[in-house]
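The same chain A turns up in both complexes below, where it pairs with chain B and then with chain C.
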Partner chain A sequence: MTQFIKSREAILLAALIALILLVETRFSGFAAPGNLARVFNDTSILIILALGQTLVILTRCIDLSQASNLALTGMVTAMLNAAMPGIPVIALISIAVLLGILMGAFNGILVWKLDIPPIVVTLGTLTIYRGIIFLVSGGEWVNSHEMSASYKAFPRAEFLSLPVMAWICIATIAAFAILVTRTPLGRAFYAVGGNPGASVYTGIDVGRTRFMAFTIAGGLAGLCGYLWVARYAVAYTDVAGGFELDIVAACVIGGISIAGGLGTVTGAVLGALFLGTIKNALPVAGVSPFWQMAISGAAIIIAVAFNRRREPGRVILKEVAQ
Partner chain B sequence: MSITRRIAIATGLTAALMGTTAMAQDNVRIALVAKSLGNGFFEAAARGAEEAAEELGNTEIIYTGPTSTTAEGQIEVINSLIAQRVDAIAISANDPDAVVPALQKAMQRGITVISWDSGVAPEGREMHLAPSSDELIGATIIKLAADQLPEGGKVAVLSATSTSTNQNTWIEEMKSNMDQYPDIELVATVYGDDLADKSYRETQGLLQSYPDLDAIIAPTSVGIVAAAQAVQDAGKVGEVNVTGLGLPSEMAGAIESGASESFAIWNPVDLGYATAMLAHNLATDAATAEPGAEIGMGRMGTATLDDDNQAAMSEPFTYDASNIDEFKSVF
Partner chain C sequence: MSITDGTQPRNVPDRLHGRPTRILRSWELLLAGIAILIFLANTQASPYFLDPWNLSDATFNFTEKAFIAFAMALLIISGEIDLSVAGIIALASTAMGWALQFGIGTPGLIVIGLTVGLVCGAFNGVLVTRLGLPSIVVTIGTMSLFRGISYIVLGDQAFNGYPTDFAFFGRGYVFWVISFELVLFFIFAAIYACVLHFTNFGRQIYAIGNNPTAATFSGIRVARVKMILFLLTGLMSGIAAVCLTARLGSTRPSIAFAWELEVVTMVVLGGVSILGGAGSILGVVIAAVIIGLVTFGLGLLNVPGIVMSIFIGALLIGVIAIPRLIRLIRTGKAA
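Here is the complex of A and B:
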C-alpha cells in the first residue's frame, strides 16, 4: 500500500482528481458521475490508442502512424458501409481490425527485417496511409446520411448505463493488464526495451517482439478507426489529423519512458484520462480559446515534470552500469 | 554507369522536361489553391473551375493545396507552382498575411495572383473574389437562427480557428446585424478549429454551459456537421437548432434528423467557376484588376471591383427540408 502511494500512478491519480475538482469549482456538475462517464466515453479512443502505443514505446520504438491508420480504416469502413449497407457491423469491425493489423504489421516488418529506425518508418507510413485515403476516397467525404443507422448506432448503444464504446475500452484495458503482466510476450516487451542486448541472450527475438508490438498497436488503431468515424458520423481525409501527438503525449504523461522498458497499463490509462479531462474541461471552464492550447501544453510539461523517473520500476533485464 | 550513358540519360531527361514546358505554353494554366485537400467545398469549387476551363478551351486547371489547413503548407504549394511557371494562382488563404511574400514572388515572376473565398492582404494579390459579401453572409446566418426563434432566445457561435479571416469577419457582421433582433442574445463564441472531434466537444461544452441554449450558428462546414451530431447525441433535437454555413451533401443527415432546420451556402461550383473565369481574363490580359473595373465571370455575370480590388459573387442560398434532396447529390 505504501508502495502504491509513492508510485507515479498514485501521483497522477491525485493530479487527475485535483484537476476534476478544480474544474468543478469553475463549472459545477463536471464531477458528477454521469458527466465523468461521458468524459470517459469521450476519451475511450485515446485510451485504446495509448495502450497500443505503450507496447511500442516499451520496446524502445515509437509509432507515429496510428492516427493515419485510424483515418484510413475509418474511411474504408465508411465507404464499404455507404456502398453496401447490407454488411453487418460486426463484419465491418473485423475488417477494420484486420486492415489495422495489416498496416501495423507493415510498420513492424520494416523495423524488424530492414532494421530501419521506427521513427523514420512510421513518419513515412504516417504520410503514406494518409495519402492512401486521398486515393481511395478521391478527397470526397462520407457523410452521416450515407452511413447506415446500425453503423452509427453501435458505439452509442447503451449497455448497463455505459455506451458500448466505453465497454470496448474497458475490455481493452483488462486484456492489456493480462497481456502485460501475465504472459511471456508481455514480459518480452519490457525485456526488449530494458536491455535489447541481454534479451537476445535470454532467447527473446527482439525484432519479432517489436513486430508484435507494432501489429497490436495497428490492430487497435484499426478498431478505433471504426469507432471514431461512427461516433462523429463523418469520414474525411483529415480525420484525427495530429492525433498521433496526443497519443504520445498521453503515454508520456502516464509515465511510459520514451527510453523503453518502463511503464504500466494503469499509467497509460491515467495519462490518457488526464489529457481527455483537459480536453473536455476547457470548453466548459470558460477559459478563453486563445489560452486553451497553451494550457494543454503546460499541463503536459507539468505532468511529465512530476513524473520524472525516480526508481527503475519493473526491470526484467538489468543494464550494466556504464 | 558509364559517362556516355549518363549523358544520354541526362539529355533524354532534359528533352522530356523541355517537351512538357513547350506543351504547357499552349494552355493557360490556372492553379486553384485550396485551404486543404479533401474538403468537399473545395472539391466542388474545383469542379466549377473545370467547367469554366472546358467553356474557355485551351485552359488547364491545376487543383492543389496542402494536406492540412496551414499557411506553411500553402507557401510550399505556392513555391512549387512558381517553379512550374503556371499562368495564374487563385488561392483561398489559410492566413491573410503569411502567404503574402510567396505570392509577391509569384507576381514578380509575371504570374497573375488572385484570392478567392478567404482573402489575402491587398499587397499579396491583384484582386479578391468574395463568395458573397461579408455583410450579406453575416445578415444571413443570424436571420437563419432568428427565423426559427420568433419568441427570441439564446444563440452561440461555433467557429473554425480563432485566426480564420473569413470566420471572424462574418461573426463581426453578424453581431452588427443583431440589433434587428432585440430578443436574440449571443451567449458565447467557441472555436472548433475545423476538427470534427474538437468541434463536437466544444458543442457538448456549449450544451452543458447553457442548458437553455436555443440555437448554434456554425459558419463552417466541419463545425456545423459536428455540432448537429453532438446535438443529436445529446438528445436535444427540437430544443437546439444548428444552423450556419454547410454543404447540402454533408448536412442532409442533420436536416433529416431535425437537428438542423435550415442552413445556407453559396454555390461552391459557381465560386470555382467564377474564380477560374476571372483568373483567365486577368492572365490573358483581357482585363486589368483596378478599382472600379468590371471583369467578366461567364455565366455568373460581371464582378465589379471596389477600392481594395475586392468583388462579391452573389448572396448565399438557403437550404432546408424542401430542397435538400435536390442539392445533396450536387455538392
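Here is the complex of A and C:
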C-alpha cells in the first residue's frame, strides 16, 4: 500500500482527480458518476490503443501506424457494411481485428526479420496504410445513412448501464493486466525492453517478442477501427489523422518509459484518461477547443519531465557531460 | 532512444573507415540511380515534364522541407530527433502574421520568423540537454505545444495581406527559372555538407552519434553540440516558415501539417541512420530531389497527393528493406 502511494501511478491518479475536481468547480455536475462514465466511454478507444502501444514501447519500439491502421480497417468494415448489410456485426469485427493483426504483423516482421528501426518502419506504413484507404474508397465518404442500423448500434448498446464500447475497453484492460503480469509473454516484453542482451541469454527471442507486441497493437487498432467508425457513423480517408501522437502522448503521460522496459497497464490507462478528461472538460469549462492541442502538448512535457529517472551507474558520466 | 547502458552489447559497426565507407558511397549511388530512373519514367509518362518552368515548379515540392532536413540530418546523426519542426513553422508563421497587424515590414517579419524558430529550438534543446529528457518524447510534446499556440491565437481564422516584397522569398526568381528557394537550397546544401564532412564540429556529431559515452570521455562537449544542433533545426524551421508563408501569402494554424514526418522520411531515405552515427548531406540532397520528382511526376499524371504518399512510404521502407532482404537470402541470417 505504501508502495502504491509513492508510485508514479498514484501521483497521476491524484492529478487526474484534482483535474476532475477543478473542472467541477467551474461546471458542477462534471464529477457526477453518469458524466464520468460518459468521459470513460469517450476515452475507450484511446485507452485500448494506448494499451497496444504500451507493449510496443515496453520492447523499446514505437508504432506510429496505429491511427492509419484504425482508419483503414474502419473504412473496410464500413464499405463492407454499406455494400452487404447482411454481414453480421460480429463477422465485421472479426474482419477488422484480423486486418489489424495483418497490418501489425507486417510492421513486426520488418522489425523482426529485417531489423529495420521501428520508427522507420511505422513511419513508412503510417503513410502507406493511410494511402490505401484512398485507393479502396476512391476518396469517397461512407456516411451514416449508408450504414446498417445494427452496425452503428453495437458500440452504443447499453449493458448494465454502460455502453458496450466501454465494456470492451474494460475487458481489454483486464486482459492486459493478466497478459502483462501473469504470462511468460508479458514478462518477455519487460525483459526485452529492460535489457535485450540479457534477454537473449535467458532464452527470449527478442525479435519474436517485438513481433508479438506489434501484432497485438495492430489487432487492437483494427478493433478500434470498427469502434471508431461505428460510433461516429462516418468513414473517410482522414479519420483519426494525427491520432498516433495522441496515443504516444497517453503512454508518456502514463509513465511508460520510451527507453523501454518500464511502465504499467494502470499507468497507460490513467494517461489516456488524463488526456480524455482534458478533451471532455475544455468545452464544458467554457475554454475554446483550440486550447486543447497546446494543453496536451504542455501535459506531455510536464509528464516526461516529472517521470525523469536517474539511471544508476551513469551519474558520474552525466556530471562530466554537463 | 540512445542505448548506453554498459550491459548492452551495442552492435554499431565502425562506419568511418574501409568497407562501410564504400557501402555508404554505394547508397548514394543507389539513390542517384533511383532518381535518374524516376526522372526518365517521368519524361516518358508526361510530355509536359521536361518544360523548364514545370521543372522549376517541381522544386517547390522539396526546397522548404529540405532546409529543415539538412539540420535534421545532423541532429539524427547525433542520435537525437526533432518532431516539432512543423509546429515551429506554424508558430513562426503565426508570429509573423501577428506582427503584420502592427504594420511591421518585410525585414522585421523575417527577423521575427527566424527568432521564433531559434527560441523554439532553444526550448527543445534545453529540455533535452539540460533536463536529459528523450528528444522523441519532448518534441512530440512541443509539436503539440507550438502548433497549439498557433491554434489559440488564430482559431479558425487566418492572417493575410503580407507585403508584396515579402512574397519574393517564396515566389521570387533569381535568374530565369531558378527560384530564390532553389538558390537557397544549394547554398544550404553546400554549407551543411562542409560543416558535417569537413569540420571538427562535423566529426564531433558523428562521434556523439556512434558513442556518446566515448565522445564525452574524448573531451567533446556533448550537451553543447546537441544544443547547437537543436538551435540550428529551429533556425532552419524558421527559415522554412518565412519561405512557406511568403509562398502561400497567408497563415493558418494548419500550415505545414505533418511535415515533420516528411522531413524525417527525407533524411532517412537519404541514408542517414535513424540510430545515429552515419549519413551524408549528399544523400539527403538526392532524397529531396527524389521526393520532389515523385510528387511532381505523379501530380502531372493526376495522381492524388494521398496516393503519392504510398510511393514515398514504400520507397522509404523499400530502399532500406531490399538490401537487407538480399543479404538475408544470401547469408541466411539477418543483419
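One rule holds in what follows: the second predicted complex is superposed on the first by the 304 of 322 C-alpha atoms of A that agree within 3 Å, B and C clash if a C-alpha of one lies under 4 Å from a C-alpha of the other, contacts with A are read in each partner's own complex, and residues count from 1 in each chain.
Here is the rule we use: a residue touches a chain if its C-beta (ideal position, glycine included) is under 8 Å from a C-beta of that chain, and two chains touch if they have at least 3 such contacts.
Every value quoted in this text rests on a predicted model; they were computed, and no experiment measured them.
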item: Clash or fit, chain B versus chain C on superposed chain A; value: clash
item: Which of chain B and chain C A:Asp42 touches, first, second, both or neither; value: first
item: Touched partner set for A:Thr237, first chain B, second chain C, both or neither; value: both
item: Touched partner set for A:Lys113, first chain B, second chain C, both or neither; value: second
item: Partner with the higher number of touched chain A residues, chain C or chain B; value: C
item: Which of chain B and chain C A:Ile178 touches, first, second, both or neither; value: neither
item: Partner chain in contact with A:Ala91 - chain B first, chain C second, else both or neither; value: neither
item: Chain B versus chain C as contact partner of A:Phe134, first or second or both or neither; value: both
item: Chain B versus chain C as contact partner of A:Gly124, first or second or both or neither; value: second
item: Touching partner for A:Ala83 - first (chain B), second (chain C), both, neither; value: neither
item: 20-28, 38-46, 92-100 or 326-334: stretch of chain C that collides with chain B; value: 38-46
item: Overlap of chain C and chain B interfaces on chain A (superposed complexes); value: 130, 133-134, 139, 237, 241-242, 290
item: Chain B to chain A touching residues, read off their complex; value: 36-40, 43, 67-68, 162, 190-191, 195-198, 200-202, 204-206, 208-209, 225-226, 229, 233, 249-250, 252-254, 256, 328
item: In the complex, chain A residues that touch chain B; value: 27, 29, 35, 38, 42, 130, 133-134, 137, 139-141, 143-145, 156, 228, 232-234, 236-242, 279-280, 282-284, 286, 289-290
item: In the complex with chain C, residue positions of chain A that touch it; value: 60, 62, 64, 110, 113-117, 119-121, 123-128, 130-135, 139, 195-198, 207, 237, 241-242, 245, 248-249, 252, 258-259, 288, 290-301, 304-305, 308, 311, 313-314, 317-318, 320-322
item: Parts of chain C lying in touch with chain A, wherever the complex brings them together; value: 1, 3-9, 127, 131-134, 136-138, 140-149, 151-152, 154-156, 212-213, 216-217, 221-223, 253, 257-258, 261, 264-265, 268, 274-275, 304, 306-310, 312-314, 316-317, 320-321, 324-325, 328, 334-335
